[in-house]
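Alright, structures below, take your time with them.
Look for chain A in each of the two complexes below; its partner is chain B in the first and chain C in the second.
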Partner chain A sequence: MKFTVNRQSFIKKLNDVSRAISTKTTIPILTGLKLVVTDNEITFTGSDTDISIETTLRANDDNAELTVEEPGNIVLPARFFSEIVKRLPEATMTIAVKEGFQANITSGAAAFTINGLDANNYPHLPEIESNDEVTLAGDVFRDIINTTVIAVSNQESRPILTGVHFTLAGDEFTAVATDSHRLSQRKVTLPNPASETHDVIIPGKSLVELSRMIGEEQQDVKMRLAENQVLFMLGDTAFYSRLLEGNYPDTSRLIPSESETTMEISAPALLAAIERASLLSHESRNNVVKLTLSDTATDATATIFGNSPDVGAVEENLSTLALDGNDLEISFNPDYLKDALRSFGQSQIKLSFTSALRPFTLVPSEDGENFIQLITPVRTF
Partner chain B sequence: MGESLLQVPLTIDTSRKIIHVDMDAFYASIEERDHPEFRTHPLIIAKDPRTTGGHGVVTTANYAARKLGVHSAMSAAEAQKLAPKATFKTPDFTTYRAVSAQIHKIFHEYTDHIEPIAFDEAYLDVTNNKQHIDSAVALAHKLQAEIWETVHLTCSTGISYNKFLAKLASDYAKPVGVTVILPGDAERFLAPLSIEKFRGVGKKTVPKMQALGITDGAALLKHSEADLMQHFGKLGYGLYRHVRGSDDRPVEWQRERKSIGREETYDTPLTSEADAETQLQLLATELVDHLMKQQRHGQTIVLKVRDAEFNTLTKRVTQTEYYENDAAILYEAAKDIFDETADLNAGIRLLGITMTNLAPLGFENLSLPLWTPVSDRAF
Partner chain C sequence: MDKRQTMLNDFDHLQDQASDILTQLAALKVQVTTLSEENAELTVENQHLRELLGEDNGSDEAKRLSKSLQNLERLYEAGFHVCREFYGQRREEHDSCAFCLELIYGERERASKAS
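Our next item is the complex of A and B:
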């Protein structure tokens, strides 16, 4: 195996697959990066068994400046290899493997020899045969992930809640996540209906990595589902994730259909107020802020309270756009509300409350159907 | 060794009236009260070293045993050598706890400003007491008498205007003493006091003190604040104030408990997985009872394991949510730590589960009824 390549192009691909490579793995070879070199391309593979990423650098990509002298394959220790490649002096580098799985990396005057492993011992990535391919715009899919993944649980005691539940029926694509204290649900209408219905739970960690990979690029994401794996195709990159097994709870029944008190407010304004209140609530043993809503004939006020027995207290009147319904006093964890509010960006939102001990919801004022964040309150005494 | 740049004003607040109540040989006295036959000869509260293979430490001893040199925290085997004829009594903490509760009930007749230090020791701030007794000395005598009438046990009380002096005072005349340190008397009382009597001066600090020529309160008084802080840091700051009779720490009557735990010692070390599991389940169940009684829940679970060679290992796991007060959940969490850390081959002498990072249960983040049908009761 021997090839010469533009270092920056190579590093970009290396960074993509490195997302899947962990130094803490039970299978030693998985700390390595697999390179498969053919006459006109290099395929990079990384995996931690939960996530596997495969990407290709092609000779016909001009920026790659790829010339292959001799095809071959090797597994190289990912951490060292990537540190080395990033520090090489010249714009191009040459990698050659002669015998005994030793790789020579040269660039300008620098020459490294590092020990690799036999690529034949690297596990095979699953074949995902599926006729049913769902295509989503990259930015839309990234948005779906980022707005739901905040609600996944980080408690391994209920593994199923560490994932986002995706359902696909006809042209309706729904994502739900909950850690039992909050819930986030997002619906998207697909331009082309799917022929089969699907119901899968994708680990939150996989989705976070996937969303980072989608990045700011506007390219489409193709999704293929199999029995226990899901494959996402982003251009030349394939992202595999395992699925979580089990039945996701029926969450549709948890979203209240009626409310007693509603408030409309700008999401960033409420976020700023909650951040101020949580400065003090974080210092208290119980991270709780209180919101009181009062709608009298002459005046409607919404007030946020936070306090810490050691530090002091904060009180702030919110400038609401609308406030209607019964008076209410409700306490909640401000961190849950902060996460939810960030998912609305700059939009105007509507909060709906039933009572002090029932969950409340947040929806964009413009579209209450397709995006909802739900938060359970804190019972005090 | 120049002057400190910061001059922290030294204030002496003499307006408070604080009583330190210290029960006299508390555990031993309870045993003597309940077993008159123990009264006449040395009694040591510890497991009999002849039945434990020499293990165990002395919890406390009665005055007869103390005369022979027995004191708390010495090994039971050593105590037996000093007092070969002594009776050994396994401590009965259930009874001691119950008696302590009776005494606290009496305290509450005088004030709610009580800071418990142990079963047998507490600070009371009686500045504004419920019985409007102006003289703290009269109040202390009344308290002593009432404790005697109710539980037939004696205590010593120390009275002063801060906790540091009150504690030294109660120690001054034991048993059945009442000692007062008045504002003007503090320096005179402290000057001859040996340095290890000062709060915070322990085994490690005494040699450092001696190297500086500080053997008693009088010597301590000669050292500047900057000097003491340079050598002893925060301790030096406190000592500089204490030796001048200044201590503004309040009686922390509303102090939150930092942790709640249960532990158990096994005379026959556990060697099987099944035994360990049973014991962990038992501890988890007791712990949940305790947490519920105190209306607390915690974010951190701590497992303590001591093997037959007396190697003690503690490991903690913290989660962002509070652990539910459910024996099965606490057992699972403890078992996970156990599987990771414990070595049954060495035999396990002690297991303990503790919850810390506690918060009142009054605050509960409600959960969505994910796994159960929605009902009105669910929220």
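Our next item is the complex of A and C:
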């Protein structure tokens, strides 16, 4: 195996694949990066068994300046290899593997020899034969991930809740995540209805990596599902993730259908107030803030109250856009509300409360159907 | 020689004292357990008596709950999950559970709607 390539193009691909490579793995060969070189392309593979990423650098890409003298394949230790490649002196480099799985990396006057492994021992990537493909705009999909993934549980004792539950029926694509303290649900209408219905749970960690890969380039993401794997195609890059097995709890019943008190407010204003209130609540043993809503004939007020016996107290009147319904006093963990509010960006939101003991919901004022965040209160009396 | 003997004696003495303290601690622990068990029993008993007397207890919301739901609510308040998903597991302090809340307070809504 021998090829010469432009270093910058190579590093870009290397970085994509490195996301999947972990130094902490029980299978030693997975700390390595697999390179498969054919006459006109290099395929990079990285995996930590949960996620696998495969990407291709093609010779017909002008920036790649790829010339292959001899095809072949090798597994190289990812950490050393990428450090080496990033520090090489010249714009191009040559990698040659002669015998005994030793790779010679040369660029200008620098020459490295590093020990690799036999690529035939590298585990095979899952095969996904399903032809049913869902295409989503990159920015929409990234938004779906980022707004739901905040609510996944990070407790391994509840494995099923560490994932986001995706359901696809006709042209309706729904993503929901909950850690039982809060819930986030997002619905999107697809331009083309899917032929089959799907119901999968994708690990939150995989989705975080995937959303970073989508980045700012708004390319389309193609999703293909198999029995226990999901494949996302982003241009030349394939992202495989394991699915979580089991039944996701029925979350539709958690979302209250009626409300007694509603409040409309601008999301950034409420976020700023909650951040102020949580400065003190974080110091207290039970991290809660209290929201008091009162709607009298003459005046409607919403007050946030945070208290820490050791440090002091904070009280702030919120400037609401609208407030109707029964008086209410409700306490909750401000961190959950902060996470939820950040996902709304600059928009106006509507909060709906039922009682001090039941969860309350946040929806955008303009579109209350497709995006909902739910937070459970904490009983303080 | 004398010095060493005194030291050894001191060690023996200390060891005796330590084992005495250990016995006392164990005894105290047993007492505390007995007391807290008794306390729990009395609390339940008290609650039953109050119910018999027809006295009002529990929150406004609780008043409208059926007897079995009130029991679940008490379990939840005592720090256990009552939902299907995590039944019987200990709730982490001050963390609420949407599934439990739905089960305790949500059911009533649906029942009243159906009637």
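Quick note on the criterion: the second predicted complex is superposed on the first by the 381 of 381 C-alpha atoms of A that agree within 3 Å, B and C clash if a C-alpha of one lies under 4 Å from a C-alpha of the other, contacts with A are read in each partner's own complex, and residues count from 1 in each chain.
As a working rule, a contact is a pair of C-beta atoms (placed from the backbone, for glycine too) under 8 Å apart; a residue touches a chain by one contact, two chains touch by 3 or more.
These numbers come from a predicted model, not from an experiment.
Chemist: With chain A superposed, do chain B and chain C clash or fit?
Modeler: In the superposition, chain B runs into chain C.
Chemist: Regarding the shared-chain residue A:S9, is it in contact with chain B (first), chain C (second), both, or neither?
Modeler: Neither partner.
Chemist: Pick one for A:V378: touches chain B only (first), chain C only (second), both, or neither.
Modeler: After superposition on chain A, A:V378 lies in contact with both partners, chain B and chain C.
Chemist: Contact-wise, after the overlay, does A:S47 reach chain B, chain C, both or neither (first, second, both, neither)?
Modeler: So A:S47 meets neither chain B nor chain C here.
Chemist: Which partner chains sit in contact with A:T361 here, chain B, chain C, both or neither? Use first/second/both/neither.
Modeler: Neither: A:T361 stays clear of chain B and chain C.
Chemist: A:S180 contacts which: chain B (first), chain C (second), both, neither?
Modeler: both
Chemist: Between chain B and chain C, which residues of chain A are contacted by each of them?
Modeler: 178, 180-181, 183, 249, 253-254, 286, 288, 333, 357-359, 374, 376-379, 381
Chemist: Give the list of chain B residues in touch with chain A in this complex.
Modeler: Those in contact with chain A are residues 256, 319-321, 329, 332, 358-360, 362-371, 374, 379.
Chemist: Where on chain C is chain A touching in the complex?
Modeler: Against chain A, chain C makes touches at 59, 61, 77, 83-86, 93-99, 101-102, 105-106, 109.
Chemist: Can you list the chain A residues touching chain B in their complex?
Modeler: Residues 154-155, 157, 161, 178, 180-181, 183, 249, 251, 253-254, 285-286, 288, 331-333, 357-359, 374, 376-381.
Chemist: Please output the residues of chain A touching chain C within their complex, sorted ascending.
Modeler: The contact residues of chain A facing chain C are 158, 178, 180-183, 249, 253-254, 256, 258, 286-288, 333, 355-359, 374, 376-379, 381.
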